[in-house]
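Written out below as structure tokens is the structure these notes cover.
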Amino acid sequence: MKKILVVEPVFLDGVESEVEYLDAIKEPDTAVEFVSLESGPTSVETYYDEAFVLADTLRVIEAHAGGADAVVINCFADPGVIAARELLDIPVVGPSEASMALAMQMAHRFAVVSVYENSVALTELQARARGIESRLAGVIGIELGVCELEEDIENTTRLLIEAARELVDVKGAEAIVLGCTGMVPAAAGLRAALDVPVIEPLSAAFKTAEAMVTLGLVHAHKGQYRRPDLSKLKS
Amino acid sequence: MKKILVVEPVFLDGVESEVEYLDAIKEPDTAVEFVSLESGPTSVETYYDEAFVLADTLRVIEAHAGGADAVVINCFADPGVIAARELLDIPVVGPSEASMALAMQMAHRFAVVSVYENSVALTELQARARGIESRLAGVIGIELGVCELEEDIENTTRLLIEAARELVDVKGAEAIVLGCTGMVPAAAGLRAALDVPVIEPLSAAFKTAEAMVTLGLVHAHKGQYRRPDLSKLKS
Amino acid sequence: MKKILVVEPVFLDGVESEVEYLDAIKEPDTAVEFVSLESGPTSVETYYDEAFVLADTLRVIEAHAGGADAVVINCFADPGVIAARELLDIPVVGPSEASMALAMQMAHRFAVVSVYENSVALTELQARARGIESRLAGVIGIELGVCELEEDIENTTRLLIEAARELVDVKGAEAIVLGCTGMVPAAAGLRAALDVPVIEPLSAAFKTAEAMVTLGLVHAHKGQYRRPDLSKLKS
Amino acid sequence: MKKILVVEPVFLDGVESEVEYLDAIKEPDTAVEFVSLESGPTSVETYYDEAFVLADTLRVIEAHAGGADAVVINCFADPGVIAARELLDIPVVGPSEASMALAMQMAHRFAVVSVYENSVALTELQARARGIESRLAGVIGIELGVCELEEDIENTTRLLIEAARELVDVKGAEAIVLGCTGMVPAAAGLRAALDVPVIEPLSAAFKTAEAMVTLGLVHAHKGQYRRPDLSKLKS
Amino acid sequence: MKKILVVEPVFLDGVESEVEYLDAIKEPDTAVEFVSLESGPTSVETYYDEAFVLADTLRVIEAHAGGADAVVINCFADPGVIAARELLDIPVVGPSEASMALAMQMAHRFAVVSVYENSVALTELQARARGIESRLAGVIGIELGVCELEEDIENTTRLLIEAARELVDVKGAEAIVLGCTGMVPAAAGLRAALDVPVIEPLSAAFKTAEAMVTLGLVHAHKGQYRRPDLSKLKS
Amino acid sequence: MKKILVVEPVFLDGVESEVEYLDAIKEPDTAVEFVSLESGPTSVETYYDEAFVLADTLRVIEAHAGGADAVVINCFADPGVIAARELLDIPVVGPSEASMALAMQMAHRFAVVSVYENSVALTELQARARGIESRLAGVIGIELGVCELEEDIENTTRLLIEAARELVDVKGAEAIVLGCTGMVPAAAGLRAALDVPVIEPLSAAFKTAEAMVTLGLVHAHKGQYRRPDLSKLKS
């Protein structure tokens, strides 16, 4: 029996579709709990947005991580992943980090399709922080915001296919990573149109979290992940 | 229901302990099949050794991959992993590649404990081929051959602890990857002695293979993994 | 006439010493305004701490940047620097980024003396994000917290000298960057003891901000620094 | 009171426009002295040219540096910068190095517009020597020699705008560095046409030199900048 | 007097043209011996192909290296080069490694024209393993198999010229390396059509081998090139 | 028949030993011509020294290259190599570049033993300019000047052995490159004491030059090696 806490680091109305999505891929003995923020931005598209979700995301994690075996933070910006590792003694998995790790095992070079143009720099910085920039073939933003992705799935899918094809044909990408966990509804259409694998980051992070729990792997609180001094927050 | 083919790319007497080892971590609906070579070296410790197992490893894979959902090649040299991907339409996972991918998700820098001194160069070349050399803190060979690892588990464990501590204390490693799939018996002792995670590569590869199957991820036959022309082998 | 807004991204009792410090190096026609947070952590030593200062830091910047010609965020973690650039149309300078930029102009390799051991990874990640990791000779944390640095200046200075000498003698550093803007009181003692330059990051950032204003340089709102959608913050 | 020595490392007729240019941006208490070569090439466009200016540039610096607080060598090839640091105990600033250091503080990737096609390799080598090649989006030479830049400013400006736009639109540059200190007259026109910052290297170097003097920063004579043995020059 | 053993690591009908080719460039006192495989693939175009030639290539080398002063393995995949170095106490030279080493001495960036599209990844992996990926401007496969190259030399030459021109004009390559030792017959035509040097890898490897023999240079059996334990091969 | 021009880029009394040294390794049909400067420094140990030999080195090359098939510039700083390539239509070979290219073909990592401590930075910058810094295990200066190397060969040899052993044992170097072409007299003693290859740069450059001539390889005058405009030198 494992319990995975999936944290939505934004203000959300509901998580029904995510529940169903993970139910279809989880191991039989895995329980999934979803939590989301009660206020704040509805999406993380800039560093500014991220700044306004981090504290609440960590508060929610602190409140709900008891009893959990691993945490997944459901946003491709991986907001708070390092901070949550500092805080916790269970694995914390980021969709961006986990999906890139799988992409590297099935492609010489992978590419990312994302929301806005600024994702090019943001995703390159993620790759550089991980030391894997040489594996990233390119990034294209389709100029749709996170909350617009589900408005017209057909259009979103069409734009993603166009971007992915350019990344495959021109940049030599051999796998496509979806650069937003809100692209789930368009994933099937994209997969049908491409002859390279398409990696959806929430599912990648979730299966990685399950694997870490089974393998008994937890990060250490030495080196990078120093335990924070919780007494420092002024009351 | 998934079926994972685990290939021992060396000549082996038996795989009982590996069967038991993976039984303890596999998902309930996963079937595991083991195959090994009927001749050839008993371990892969040099490029020379590897040259003498590659063709037979691929022959064994070709003969047994029918019906399998994924292949794991059980050696930290990841011998034949790329060639098997060229050949097959199911995921092929290497213990070295999979364990490093997990290590990168729980440590700023990881290190590898290995068998002989030449493993330093070999492991650095693996990391460089994957573009992740900046994440590798160091490699130490304990100067025991693969087949000597199990002769005196206590001694092996002691040597591994010594090497791992140097990598953690001097090189700043925050996770240790076992650089040989024959180090399984010493893993528990090493874990008990260290305050950083220890990643065993066969188990890492196996769980990664299960995850890829669940996620429906398969590499493409374009770019790097061109299908080989089987008619070229002269009869 | 230029006005530089210096933001303390932590909860602070007073900024008298910083006022005096910058008065001594500012250009005659530069006005300096200091602001700090009214609550939150008293220092940023972990990603967790940073998460709890970012939103307030940006709120303070938004409230006070009107009329300013540039912003300096006074913390070596450079918290909120990218987010503030997204928000503003004036230069935003980070002490870490500015001091490393100067260090690179006077040393083949520079090193950083910092507070805790986790600063090694944090500073390496900063350098890697900037693509300058090959210029960083090393980082040593003296295991004193930010707020302990001023408790016993003599002791702090002694520890910094010891760390700096190791970085110069063993790692080949040719310049030392102070890895915390709270090390100002120890800078003179450290300079006296070393035969390599010592770069204090707040002063480096401040002079860089003045230079950018004089040169009329401002980042663009294209590529990385997309303007945030302020309407997204749920009321 | 500071005195900055600006060295023209070529044979020049006059420096009136440079005097005026720096007067407009210098701090009130800064004195500027200009010196140039009395013979030699009129521009540095190749390594061959550079070879014929280096010795005289250093002779001029040696003759005039007494009483100066910093030296700026006014050529984007940064000729003699390292050698002058070996010789002197005051900061020596290169326009290429200083402008790239500022560009990195306002852009994820910057690009350089230059004179001839060979500047692509030369500028890439500069960036690589500084370890910042990952920040350089691209280089385009407009195929006008240094001495032709001022012949028809309008044409020069037009060519620079065309090159800069390609670097911004196709290569993703978020800032443009002028790759020749002779492009000053075209800078205003280029700035007006672009929506990214344009960094002029002489002014960048000059303000950096002033900042270094104020901050009391001087390179060390250990590691890279060994003092030359002046007695070795055979008479 | 030197003797160079040239090994064809594939099944071949004859080596007359190679004999003649090397005769024209060898030093007067150099003897050349050719050996090839008696079975196996007729070309190495995939990792799968390589797996089926490695053991026999090493067997042939072991049988014929006695009396030789150096070994050249005549295939751009450099198959078995590292393994042969483990085995032998004389230099072993690979055409890919040797030709890239020369290309780097006459070009800021070089490019490779190759057979199939998968050569892009394979050649990039070669460059990365050597740590020289920043010098590789690009790779283009002309979609002709190794054995088709000689079927219509004129057509092959035309395709190579087209690919090389794109690499020179678009990617900025300043030298072209032929990515297959079977491209010798097209080299003259390619050279005539280009204004950059064209490096043929077999000849590059051969002259490098002669130079190593003259210089008395042999790799060490420590670090990477551990001597293999020949007793391990099960009989 | 080939003619190689060997240029001593310093003021020298005689070249008898160099003549003899190259006679022993040259091909029978190779003629060697030596030229040296008639004034200037007697060694190149700093960038300052280099600045005072470059123009004369190029003048000497220009005067003597007629009729030569290749040029070798006999100094490990490779002074003027790029400038001479701009000028000439025959190969120009640098001892540092050529010896590192050979070292990379016989070692995973090589190291350099050099004269003064500043050679660490200088050699690292050379490696970085060539994009091969990941292959350089380390550099040690023995704190003897170029002209002191031959004063007491036994002492020089002892110091070189000590430095080389540290580079092999501590830094993992698998080959040693002599970082000064004046170390020829100590090479034999060093070779006898080490179990890794020792590469002497003048001989490496000379044999590379011969190979380039035989192979008909010459750099192009496009990209990096633009022809200099000789009319620019003011008379």
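Letters A, B, C, D, E and F mark the chains as written, and numbering starts fresh at 1 in each.
Please note the rule applied: a contact is a pair of C-beta atoms (placed from the backbone, for glycine too) under 8 Å apart; a residue touches a chain by one contact, two chains touch by 3 or more.
Please read these numbers as outputs of a predicted model, since none were measured by experiment.
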**Asked** With chain centres set to the mean of the C-alpha atoms, which chain is at the far end from chain B?
**Response** D
**Request:** Report, in whole Å, the distance between the mean C-alpha point of chain A and the mean C-alpha point of chain D.
**Result:** 43
**Prompt:** So, what's the distance in Å between the C-alpha centres of chain F and chain A?
**Reply:** 52
**Prompt:** Where the centres are mean C-alpha positions, what is the separation of chain A from chain C, in Å?
**Reply:** 30
**Message:** Can you pull out the residues of chain B that are in contact with at least two other chains?
**Reply:** 108-109, 120-121, 125, 128, 131, 133-134, 172, 174, 222-225
**Prompt:** What is the shape of the graph in which nodes denote protein chains and edges denote touching chain pairs (line, ring, star, complete, other)?
**Reply:** other
**Each pair of chains that touches, named by its two labels** = A-B, A-C, A-D, A-E, B-C, B-E, B-F, C-D, C-F, D-E, D-F, E-F
**Prompt:** Along chain C, where are the residues that touch chain F in the complex?
**Reply:** 108-109, 134, 172, 174
**Fill in**
Per the touch rule above, chain D residues touching chain F in the complex are 11, 39-43, 45-52, 54-55, 57-58, 80, 82-83, 86-87, 116-118, 120-122, 125, 128-129, 131, 145, 222-229, 232-234
**Fill in**
Interface with chain A, chain B side, in the complex: residues 25, 27-29, 85, 91, 93-94, 97-98, 101-102, 104-109, 130-135, 168, 172, 174-175, 195-197, 199-200, 203-204, 207-208, 210-212, 214-215, 217-220, 222-225
**Item:** Residues of chain C touching chain B in the complex
**Value:** 120-121, 124-125, 128, 133
